[in-house]
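Shared chain: chain A. Partners: chain B in the first complex, chain C in the second.
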Partner chain A sequence: VMDEGAGLSLAIAQVVRRLKATRLHSQLEREAKVSVPPRRAAAPHRAAPRRSSLTRSPCWERKLQNAVYRELHVLPPPGHPAASPEHAKEPLAYMREAQAGWERRILKSLNSMSTELGVPLARKRPAPEQKELSNKWNEMGTDEPGHLYLQGGRVHPVLCSSQVLISLRNPNHDRSEEVGAQSQWGLIQVPLNVQDVAQMREAFADLALNIGQLGIDDHTHVPAGMELSDFLFHQHFYTLTTQDSAAAQQYSRQGCPTGLRAELWALILNSTNEPEDILNYDQLKAGVIQYDLLVDNLIYKDVKLTASNDDYYFVFEDFLYQVLLCFSRDTTVLEHFSYNSATPPKSYIQGKAGEEDYVVVYPPNGVIPFHGFSMYVAPLCFLYNEPCKLYSVFKEMYIRYFFRLHSISSSPSGIVSLCLQFERLLQTHLPQLFYHLREIGAQPLRIAFKWMVRAFSGYLSTDQLLLLWDRILGYDSLEIVAVLAAAVFAFRAENLMEVTSLSSAEAVLADLSTLKVMPLLQIFLFATVI
Partner chain B sequence: MIIEPVDCVVKAPVSLQIGDSIRPGVYVIDINFPNGQAVKIQEIQFKNYYTAFLTVRVLKMEDPGHDSTVKWVTALRDLQLMPNPHSEAGSQDYFAVHKHQMLVEMNDVSTIRLILRQPSAAWLNFTIDEIKIYKCLKEESEIDVPNWLSNLTPVEESSDLQGLPDPENVSSSIQQMWALTEIMQSNRTTVSIGRFDVKGCYEINLLSYS
Partner chain C sequence: MAGKVKWVTDIEKSVLINNFEKRGWIQVAEKEDWNFYWMSIQTIRNVFSVDTGYRLSDDQMVNHFPNHYELTRKDLMIKNIKRYRKELEKEGGPLAEKDENGKYLYLDFVPVTFMLPADYNLFVEEFRKSPSSTWIMKPCGKAQGKGIFLINKLSQIKKWSRESRTSTFLTAASGKEAYVISLYIDNPLLIGGKKFDLRLYVLVTTYRPLKCYLYKLGFCRFCTVKYTPSTSELNNMFVHLTNVAIQKHGDDYNHVHGGKWTVSNLRLYLESTRGKEVTSRLFDQIHWIMVQSLKAVAPVMNNDKHCFECYGYDIIIDDKLKPWLIEVNASPSLTSSTANDRILKYNLINDTLNIVTPNAEIPDSRWNRSPPKEALGNYVVLYDEEQAVSENAERDLRSRSGHSLGSKGSRSSSVRPTPATWK
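Right after this comes the complex of A and B.
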């Protein structure tokens, strides 16, 4: 409960500090210098009013607005001054400990992988190898990484398992008696706040039955005398011409028209594709060519096991390698650890163990890819065919949303909350089904966890997945993923009531590619009496 | 500018309970200032640990002229620290209660009594930690312009300043330079140039566990 004015000025200071480090700031400054006569430019107090007249020009004003809007979305509100940076990452101490314990296990498995294979975590490639890789940059998937890379067979993927979440406990929580009888039903035993159905209805009010949704009502007529899809197309098209990030986000709650989705998402994420971005991407590419990392093998393995086997995504194999390898070298990703409960792994340069000057983060972006990681990128390949553009949208999606799906935190979009949200929704909507599945040893979360960890990528058909992700962006939250998981169970409830084992329950829910996302969500949230 | 919290003695929490209930729902923490001094309080900061509601009562000297009249008054009633007492939100957050939020003037306070309540039986224990009390500062200090600069106001022109530049010009150009250096200082950013190697090397064998 900080003094409101103080809180606001802290937030403004934070945004200003961050914007000063951006390209936009130098662009504005350059522009200001051009528009202000040189003699006056020397006097900063005179340049100031000029600068405001500059921002009154619509293009720059919009750019500045979008940049501020982005900062406000990405950064958590500045915490209490007395709070430690650790506390800003995650306020609950036992969550931090669980995350740290999980990280230690990953570190151990990476270290032992490196020892077993006799391969260092990172090494500089010799010049001929660099040249070879650079020549086949666009066809990395075509031949099995022969002598260049390790045989995939011996690399074990890092798994992200629900077991860690199930064993999470709050040491101060009383479990001796039937305090929260409801919570004993499910697998998640931590007392996080999750929204109940009434709160969900309010939060997702724009999904209500009377509001047109792309994905259901595409061909219904709206008052303007055209079909909804055409109407939204015009509306979105206008948003694109005005380049208004906030408006684009609001409209994407109704779904983005297929033809405009790529541009709209880029606008919502404020991912501008400027010459500097291309330079940046080239720098990352140089980092890939220069150094060989052990985590590269995790990426290869993951792409081979997931996207390459997928009917929709196998064509994008080369794109996935490029984007994921560049991502692992991107040190700007490290910024997101200020609000992520995870901490990047540390190491020392070979032969310099213990020397503070030689501490490095490994991999350079601090993110160890786990099994299924490439599925965060794969659907985006449908939208962007330039690797650079694809890359910047993916990176922004990752540091805003996807990281929450594999770090243990109390955030409402974090995987723990999503699991709990899913269990609670199912318990409230379909108590009998929940009870039945629990009795036959098929806890619903055991089936739904994999969907949620990947935000349904690889489970739904692509058009449906993109409609779902429209809403993630529109509501700036992953909670919709938990709602969909529960809605899928509700949709197959009749069949599930007849199964008698986990494997037959899994069989009932094995193929989600025929599901229509929007009707499921709408019916589950708004047309079910509880 | 770093303001140090006031020295104070935070006593151990005392539980209030009737009969043999398993766990108390109310704790009381008293805070005294050394040597019986009375303090004008600006802000109380603390870190919550599963307390749902906080009430603050203070022992105030009613009329500083006559030392005998001290009186307990309620300064804050049931501030909700956890939006839902049964679940985690707010349970381990930092809070600050500013004097503007108090129901009474926080002058001449000799003892603070914090009354903590947790109606939910879900938690084994609750308290508040890291309590810090901040005093009101005497005045808002002005730090905008260094003294030597504000003294550079044009002096009446005297005859022995012949041949020297106009003091007004000098002072304004110094002010400009000063403003420029301020801008340069505040413009210093933390942009990284995106290199992940150290001195051209990124060869790594093992990850460190610490």
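Right after this comes the complex of A and C.
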């Protein structure tokens, strides 16, 4: 067991190592060179105060703070120095195995799709095709008869199903000890520690009934003599002027005012929109134009099946292609696999199968999009109307949160824990309802799984979804998603008690677009007697 | 009140009939005694015509004003607005103020428009000032995008005038084939790269004094094809016209959402991407446009007490977030293109009936036209002249500020004490 001091110094070393590889580091270096001319730098008594003036400059200091803050959020707590990198990805061996098995299945289906269609995983586009794509970059949603998915619909979306999670078992766990325990009721049968209601109340203390929330109390008066929404507007506005990422995150627990949300989220995520970011985006775009990937068809298919038919998101169809196609080519996404239980799929360069030297990650970002993937991007289109900005915020959201929704892991924000969390909460709050649904063959998770995998995107109205995602950012956790899923069941409990089949239960819960998220969460967590 | 409302309609739409039946009203034939007639604009012409018209009694109500066309025919609307502006200018009020370019500061809300063939010379003069501009030709009496085309050369007008004169000489002489030509808004606000316009509903229960209500649940209608101001696409109506009647024939028309986006989506998007202040100003300006257009026609409107009207306002927003009034429809489509559309239109009729036939009772043309707040449903008061007049009188006592017109009774202005728009 490591002592705390050693752990801390490991964490610091890790952050420093990471920061050295960032653009901010080279910017700071450059700035230092400019403010400290080389000749004078030789005289230590002059150089020293100059250097500290650099770090004291509010702008650079803040940027450094925000960057450190980001690293602390993204990185997993450093493990034991002797632990393998695998352990950092996922400490539980059976989780790693389940994830690996799931990946093999996905890759197999991708390969068979490639064979079936007679299309390689990747190919360079001939020059005329490149030109054509370049011309219609802004209207990829219309007029693409060349795309495979139209050819008899042979592109099958990769499905992310709860089935894989249901069959998860810990081989070392003796279930006979648990006979009679409530945990038998649900579908998730793994012994993970998820927070109980008391712990949740503590973790989400800022959602308590006496704390004003945007999404409920917008027009209530606060002591400052104004309405809550105006008060928070001023508070957030100030945070934006100070560019304080940590403060922005703290305040977003009460919800972000609509007019400031886009900037606040970018600040919380430390997502910049500098010339380098634009350059980077343009390079990814060039990658899309030069190379055709088989996974592109999965993206087209997914957008066509989801966002294109969605009352809220159809207008952003073209933005979704512009973001998702670039995303699949972004090799910087690979970094997140150091803390993701998933491993990027590998393939061989054509004609070199089996030769270790010709192994490449496929697709270049290591993420095979599944059915519904585009819904992670769609709500962000309401906030950012420049594709480049939209892209960097989405990417940061993905490598912080969304990957956890389709990787098998023991993380408290991972989909397995969320499912378990949901089942436990529902079982504790409404045992009769849970029992009833289970008896009629309508296991609650069968309905709630799809909501949680998409973090409710496409199910709630957009304004409500953004209020929910404010809290994901604010608490730096996806657990709130499981709470909402349980709260939705509680809200419709009366109707659900009357249904007698899975399909009628699904009908009761088919339309969530009229729900108000914040009252549901608050009542479920704080105003229900258990 | 005893007795059930006897209703007639010549528009066989389920959203109407379901609403009547829900109220337990009884369907009768046109020839019989009726209380409530939801009619097309062709029928209203006969009801009030000198030859065939008949006197409506106190317990009868219809859904059009006799000369609604003063507002809903493209050429007459323009004529009335121009006249209204001149009158205000003559009065010398602050409303008619102009900027250094001679443009009205508060009344410049319709694109520059001329009647053809009547104003041909004026049009040519204007065209020559900016020869690279695009203009849109619309037949005055047609709807749903019929007969509309774009031009950017004078020769195209000359060609059209030759052709129309030879082919439909008689109708042209009778004025039925009159056209309006308007400066085309070639910098529309694009969302997701696509052009859209707004369809908003306004209910008028009386013109003098003016009482009007705005329906909160309007929608944006999107073109299916990317917008391009390029002149090579002038003939591609899928790029330019947002009418569902046009768009539904496109290859990319989606029958799930029908290219319709709710106004609340628009507001969320604009507030998120542009900020709260400009978004509120935009919506204030839209409300201002509606009120001003109604005030422009109020003096010429036959304010028959048996009438109410639910108008469909078409508004385009440009990339500077300035709204433009394109036209007003007397018979906004009650066809439902999607499931959500059906719900919206059903509710629109429901809320309209709740206001004009309080408690679903037999209409009384002498009703007070002041429904209680609870009866408004999704409507909000847009303007209430009586209330505005009394408030103005009060205000004039305190200060002699000029900008007191506007949506006095509306929720938006009561929340924000200073009207941001027309100040």
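Methods note: the second predicted complex is superposed on the first by the 499 of 530 C-alpha atoms of A that agree within 3 Å, B and C clash if a C-alpha of one lies under 4 Å from a C-alpha of the other, contacts with A are read in each partner's own complex, and residues count from 1 in each chain.
Quick note on the criterion: contacts are C-beta pairs under 8 Å (C-beta built on N, C-alpha and C of every residue); 3 or more make two chains touch, one makes a residue touch a chain.
The structure displayed is predicted, hence computed values, not measured ones.
Engineer: Fit or clash for chain B plus chain C once both are placed on chain A?
Structural biologist: fit
Engineer: Quick check on the superposed pair: does A:G212 touch chain B, chain C, both, or neither? Answer first, second, both or neither.
Structural biologist: Touch partners of A:G212: none, neither chain B nor chain C.
Engineer: Can A:G7 be said to touch chain B (first), chain C (second), both, or neither?
Structural biologist: In the superposition, A:G7 touches no partner, neither chain B nor chain C.
Engineer: Taking the superposition on A as described, I'd like to know which of chain B and chain C A:D310 touches: first, second, both or neither.
Structural biologist: second
Engineer: When the two structures are overlaid on chain A, which partner does A:R329 contact: first (chain B), second (chain C), both, or neither?
Structural biologist: first
Engineer: Could you say whether A:S410 touches chain B, chain C, both of them, or neither, answering first, second, both or neither?
Structural biologist: The first partner, chain B, only.
Engineer: Could you figure out whether chain B or chain C reaches more residues of chain A?
Structural biologist: Tallying touched residues of chain A, the top partner is B.
Engineer: Identify the partner contact of A:C381: answer first if only chain B is touched, second if only chain C is, both if each is, neither if none is.
Structural biologist: The answer is second: A:C381 touches chain C but not chain B.
Engineer: Check whether A:Q350 is in contact with chain B, with chain C, with both or with neither, and answer first, second, both or neither.
Structural biologist: First partner only.
Engineer: Between chain B and chain C, what minimal C-alpha to C-alpha distance in angstrom results from the superposition?
Structural biologist: 28
Engineer: Would you tell me which residues of chain A are touching chain B in their complex?
Structural biologist: Where chain A meets chain B, its residues are 1-3, 17, 20-21, 42-45, 79-80, 82-83, 87, 91-93, 104, 107-108, 110-111, 114-115, 120-124, 170-174, 179-180, 190-193, 280, 283-284, 287, 291, 329-332, 345-350, 353, 357-358, 360-362, 364, 410.
Engineer: Which bits of chain A are touching chain C when the two form their complex?
Structural biologist: It is residues 138-139, 141-143, 233, 257-259, 261-262, 308-312, 314-319, 381-385, 462-463, 466 of chain A that touch chain C.
Engineer: What does chain B use to touch chain A in their complex?
Structural biologist: Listed in rising order, the residues are 45, 47, 49-50, 79, 83-84, 86-89, 91-98, 100-101, 121-126, 130, 132, 176, 179-180, 183, 187, 189-192, 194-198, 201-210.
Engineer: Contact residues on chain C for chain A in the complex?
Structural biologist: 191-194, 196, 222, 224-226, 251-252, 254, 256-257, 259-262, 264-265, 268-269, 271-273, 275-277, 279, 340
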